[in-house]
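Please go over the structures that come below.
Here come two complexes built around chain A, the first alongside chain B, the second alongside chain C.
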Partner chain A sequence: MDRHFSRRTGAAGLRGSTLLALAAATGLGAAAPAMAQTPQRGGTLIAAADTEPRNLNPAMVASNGVFYVSSKVIEPLAEMDYDEGLRPVLATGWEGSEDGLSITFTLREGVRWHDGEPFTSADVAFSAMEVWKPLQNLGRSIFANLEAVDTPDDLTAVFRFSEPTPVQLIENALPAVSAVLPRHLYEGTEIAENPLNAAPLGTGPFVFAEHRPGEFYRLTRNDDYWAEGLPYLDAIVQRVLPDAGAKAAALETGDIHLTAFSAVPLTDMARLDAIDGVSVIPGGYEGITYHITVEINHRREELANPLVRQALRHAIDTDFLVDVVFLGFATPSTGPVPSSAADFYTDDVPTYDFDPARAESLLDEAGYPRGADGTRFSLRLRPAPWFAQTRDTGDYVRQALQEVGIAVELVTADPGGHIRAVYTEHDFDLAIGSPVWRNDPAISTTILFRGGQPAGVPFANQYGYDDPEMNALIDAAATELDRDARVALYHDFQRKVAEDLPILNLVDFTFITVARDELQNVANNPRWATSSWADTWIAQ
Partner chain B sequence: MTGLMRATGVVGAAILLALLALALAADQIAPGDPLRMVGRPLLAPFADARFPLGTDQLGRDIWAGLVHGARVSLTVGAVAAAAAICVGILVGTLAGFLGGLADDVLMRVTEAVQTIPTFLLALALVSVLGASAVNVVIAIALSSWPPTARLVRAEVLRVRTLDYVDAARVAGRAPLAIAFLEVLPGALQPVVALIGITVGEAILVESALAFLGLSDPNLQSWGAMIANGRATLRVAPWLVILPGIAIALAVLSVSLTGDSLAARLGARRRA
Partner chain C sequence: MPWRFLGRRLQQAVPVLLIVAVGVFFLLEIAEGDAVDAYLAATGAGDAGLAAQLREQYGLTDTLATRFLTYATRLATLDLGHSVAFDRPVLEVIATRLPVTLMLMGSAILVSGALGVILGGLAGWRRGGPADLTITVTALILNAMPGFWLGLLAIILFAVKLRWLPLGGIGSIGADLSGLAAVLDTVRHLLLPVGTLALTYLALYVRLMRAAMIEAADSGWTLAARARGLPERGIVLRHMARPALLPVVTMLGLQAGAMLGGSVVIETVFAIPGLGRLSFEAVTQRDLPLLAGILLAGTLVVVVVNILIDLLYRRLDPRVGDGVRATERRP
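On to the complex of A and B.
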């Protein structure tokens, strides 16, 4: 069995000193004794809703807003776990062939869909071939080489690939991309238009009961769940609340038990944490770490010069960003792999200290001296509009670059306009981006550096950077079957990124959960908010 | 004109002059870019002499933001209102003086624009044109000229039948010269009463656009400061309250000054 588990610990992702102090003082400390108690059955968990996605089908739309609701209803083949790395869910085991051309999954016995039909390998084959590969945002690239899924019996699914495919990549992708749909309800229908996309039906611990738009989602206990005794909760309600202030107030008054995805303002965290019965819980999101990056348009003559890019990196103080913009809830980056991803991370890369004087001398050396008005050249900076932190980082980067003589004009747009301007029209000099790390560089990270992306592919290399050596490195790692060799290639990749600085990785951040203390088993896996909550319970 | 009216007019004018002085001297009072992160984040007002009104969550000086914001709000408000009033005067004079088909077409267009709420129209225009100070001025001007146009037209209809206009016509002056040199000056007095309202509304629309993130991100403005402070309302309410007071004072002072000016002109006309 080719199951290579890495030990991950809850603290791995929490490097910032403020964060550790906070964790020690509060959330994690408080949660520890509670876990020793015997879980109690019953109760309704009321959480603040995240977004209300139109399509709740996680096999089609692998996004956190979708998972937050549907991961309780529809299950993946495996889920992330702090102790084991990967915890079997609908698959109990998997093994890759020597040549890397097939992976055999053994499926769980005795699992039933919420309508009573048995779950079989045919459901997995259908989901993989008809949904993940052709329709899913992440699956399209991960399963691009998937040719067929054979089903020799009801509990075995054999994935056949046209090119050698590393088991490690598939394993790392399973939690996000492998939600299994009921074939008997989807086959023969227009999958994208199926009404079940708005009212999902799965094998999970909770049954989708009701969605009232603008009001709430209600999920009820699946009494026929395959795991004995689970789930503990009778129901989950996700209430739609108008804004961050209302969410914070609802937590204080006990109207809700939980907000996830940093739904309350960071500046409110200390205040909420001081309230009896409410805890701020960092952790539980290591599997969905975000980067804050400066995206660079290499089509600008100045920015194509590596010395200028190095100068930009030296001019930006990432500690300041961590302390002020993120109030300590972030970690300075050394590159495109976050330090919490112990499997792939290396700190053996060139680093660029905050050193404005060095930035100035690099700019002089590059041939861009300060002009009579103190300005070397001007750039247009587009901060991504979706997070307060991307906008605030834009404000800071503008100031930091002006400090070294680069005039910066901020340009803002709505999310659609921003994505079009940066990823289709390339109408930017610099942009502040927020790409997601999803457990393996090949899932959503290398696409930021591989040349040859057609215009219009968002969150990909639309930067005009196309380096043969970088491309070769990425391609070699994509088909390398040996785990150690693959990791070594990704170490080289991180070094190459740090040398070339095609884009600047500034800080890594994950989200924060704020929960009432009666809620137990919170943040106990690296994708907790987007996991099944089968073992979550309420102390009465 | 009552004593109270005169007193409020004086108060309004005093506040307006103070705001204008702050706006004009912004670079001397609070030198440098008000968007710079200069101090410890979230300092309370009156806690640190260097930042008399405190700092926001990124350590930006609130006092500097308010002073430079006054410049943006008053400039955008005044320029947008001036542009709107000019458009309104042009449309109103032509419609009233020419009459007939031209009047019908111009007034139907005016009504069409007037049926769209000012703020929604400005919002749509800025969304399309892009967020910059010039575009905000254009959007406000294009969405707030109809009241002026209607008022001017009504006055022109009244004035153009007066004897001195007939006299000009008999004297053989060109129709457009009669419209703009003879009729218009006589019709302008009530427009003065509209100036206060139009400028006040322009300041409010500018602040609301900034609040929604549709202002020039390279300039500090009161609306943007309120939007920024909203997330920290519970821990740092002054981030919302101070620029809120600034907007209220600006609109109030413009409105009081405008009213008092109009009342004074009206009194002189009756006298």
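On to the complex of A and C.
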């Protein structure tokens, strides 16, 4: 421990200081001078695998599990960067038109696909029109207004939109939604069934070599990579280790260099960090910050009352969640934009301190006094089952609400069952959710508040909350071309959320990487685990 | 060869399979959410159009009756279909996993059976002595330990502290091994998981063997053998151990099924790509075709193992011959 914290403090616009504070608070990361070394070529990085998605095509499925493997093989137009904000990858530049109806991308010269064919604007046009817009889970909404992509020459792609589209939104979305596929291998095939979806072929620094289901993925160095001298590694192996305890043991023995996405339990972090040669690195995921929320079903008469929702917020101690559930690896939240997103965040919003007495008086005022048994009313709470922390938050919220006289019954299901119950059948009163902040409010945040979502859309407003003023704000920001005006609208949006409390944002967290110290350039961008690892190297 | 008997065994397996197949369909049907819900949970975003598109693609939009009919027809024609979760043919998915589980399960059963016979035999022969006490108590303690915990302890000791054995997987990744080296590599990787499984099941065989040995020791034929002045060694092996093996062999067959399911935990701890983990994934992904395929494969394995056991039984017990129903003579 730990070169990472110290180096991060210089990073522009991001939460270096928060990380330091976190590190200090959790007793991790005594500062050590950063090692200035020249990168060394060679070596095989062995990481613990994440999930084994059925479809590894990031142009179709923008998810962490897919990117973790495929981002090394298939590249986006641009990637997130701590210093520059956005770093050009397959696109070297872009410019929006005055009317917001087109964006012109200049593409990188001399890039070749892994099969030797040249990369051109036709690949970008094909990917955008045939894959991102019609098929991708995020792209379907972001590119809904994309009408055509013109290719005046091999290195220019002009995106034409039917409605004014903010360049800022497209820029912020590029890292997640713009993975470019080889047109010559996809065109004319059934895209969803193409065998390359399981064995991706791209322009990236690593070539997909092998997947043995249940065992490992293996990627080898692309010797023909467009960036001179990169990548440093000869190969990447992602090894399937389903048991968290076994992952921690593998880090200790050096069988693996790395676990990403908080794959080892938070309770193991301090122990691992104390091991010589192993470091806990709580950074490199700011581009995919998770919120812990209480989702509220406004169809319940009690919960439709704003006073009750304010009471719920006052009854929950977010500091407790940070300290006990997250062991310090989280920050209390003020709303739907995390404080690490400096471009959009405002703290100028109404806040609700932890104040059970105030919660009780608000509930009395709302007309729900304690009954003879001390209970005001009872609710069914469904914690999302996918993180230990969502389940633990459920346990805590149950206790916290019982303190103020609301009886809570916990209902649990597996991921498929939870999704169906909450987002299609609305069979819940409260739920603990974990929506993702993806770098721009319009990507996966405003959908949690915009009314009019049909039942069945997951991770969206299935709450029965439909406020005209809120809808108008969201719609205005979606087409506002001026950056400052757009940001101002999102500040209003955050204030409106804090006033209405359609759902409760409790804390924000990002994942944690645990890595062996010989691994260099770890967590050096805000989407590190899901980025290309071209500049990652192993000190020998 | 007892072909008639084999045929009868296979016939008996058919209703079992039918009940299991129908059960699987309706249990998954009762579970909240379908394959698309499970998929959307994993990908973290999606819209209503995407969900509808996927349901269409997976054939989930049909009525319950139609879907059951499709499922039943497929099973009847032994068409295992396409796995939703893995996006590959079910047969292919299972074919890569089944040998691994068989290897793990087979070795574990054999090791725990063999050890159980030896230790249980010893304990029964020296009933009440210090060996009996040590063996019985140790086996019970091992039996009471959860498999995953014992497995993790084994990893900490042999893989982390001593560094003698690899901590998971079924082979060295990237090592291009062949012949003896490849076999040794597999053996090294399987030592801990097989050992863990075998130890947790050991108590069963020790107890069975011990009890049967004691019963045999008190039997008339052993008394007669003693009266005839036969050497002790012959009495223990021929007159006590051999009949005592019968219940152990029966139990080995019964355990085959349990071990197939029991290895989910061990497969997870030791990162072994076997059927146990696969079935867990199939359930969480609501992958009906895959789950049905796994159950068929599992049932098939259990049936085959039991046929083998029955054949073995005929060799061990001279009273069971052709034309005599083996099952009727089981203790």
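Just so we're on the same page, the second predicted complex is superposed on the first by the 506 of 540 C-alpha atoms of A that agree within 3 Å, B and C clash if a C-alpha of one lies under 4 Å from a C-alpha of the other, contacts with A are read in each partner's own complex, and residues count from 1 in each chain.
Throughout what follows, a contact is a pair of C-beta atoms (placed from the backbone, for glycine too) under 8 Å apart; a residue touches a chain by one contact, two chains touch by 3 or more.
A quick note: this is a predicted structure, and the numbers were derived from the prediction, not measured.
Examine A:Y396 and indicate which partner it touches, taking first as chain B and second as chain C; both and neither are also allowed.
first
Once the shared chain is lined up, is A:R140 touching chain B (first), chain C (second), both, or neither of them?
Only chain C; A:R140 stays clear of chain B.
Could you tell me if A:V324 is touching chain B, chain C, both of them or neither one (first, second, both, neither)?
In the superposed model, A:V324 contacts chain B only, not chain C.
Using the touch definition from the top, say if A:P213 reaches chain B (first), chain C (second), both or neither.
Touch partner of A:P213: chain C, not chain B.
By the touch definition at the top of the document, which applies to A:N64: first (chain B), second (chain C), both, or neither?
Only chain C; A:N64 stays clear of chain B.
Could you say whether A:L174 touches chain B, chain C, both of them, or neither, answering first, second, both or neither?
neither
For A:D414, select first, second, both or neither according to whether it touches chain B, chain C, the two together, or no partner.
both
Looking at chain A, does chain B or chain C touch a larger number of its residues?
Larger number of chain A residues touched: C.
Which holds for A:G245: it touches chain B only (first), chain C only (second), both, or neither?
It touches chain B and chain C both.
Across the two complexes, find the residues of chain A that touch chain B and also touch chain C.
Common interface on chain A, chain B vs chain C: 245, 413-414.
Once bound in the complex, which stretches of chain B touch chain A?
Per the touch definition, chain B meets chain A at residues 33, 35-37, 41-42, 57-59, 127, 130-131, 213, 217-218, 230-236.
Can you list the chain C residues touching chain A in their complex?
By the definition above, chain C touches chain A via 31-35, 37-38, 40-52, 57, 84-88, 93, 96-97, 148, 152, 155-156, 159-160, 163, 166-171, 173-174, 267-274, 277-278, 283-286.
In the complex, go through chain A and note every residue touching chain B.
The contact residues of chain A facing chain B are 244-245, 248, 265, 267-268, 270-271, 320, 324-325, 385, 388, 392, 394-396, 398-399, 402, 409-414.
For a test of understanding, state which residues of chain A touch chain C in their complex under the given definition.
Contacts found on chain A: 44, 46, 51, 53-55, 61-66, 137-138, 140-141, 192, 197-198, 212-216, 218, 235, 237, 239-243, 245-246, 249-250, 252-253, 255, 386, 413-421, 424, 436, 444, 453-460.
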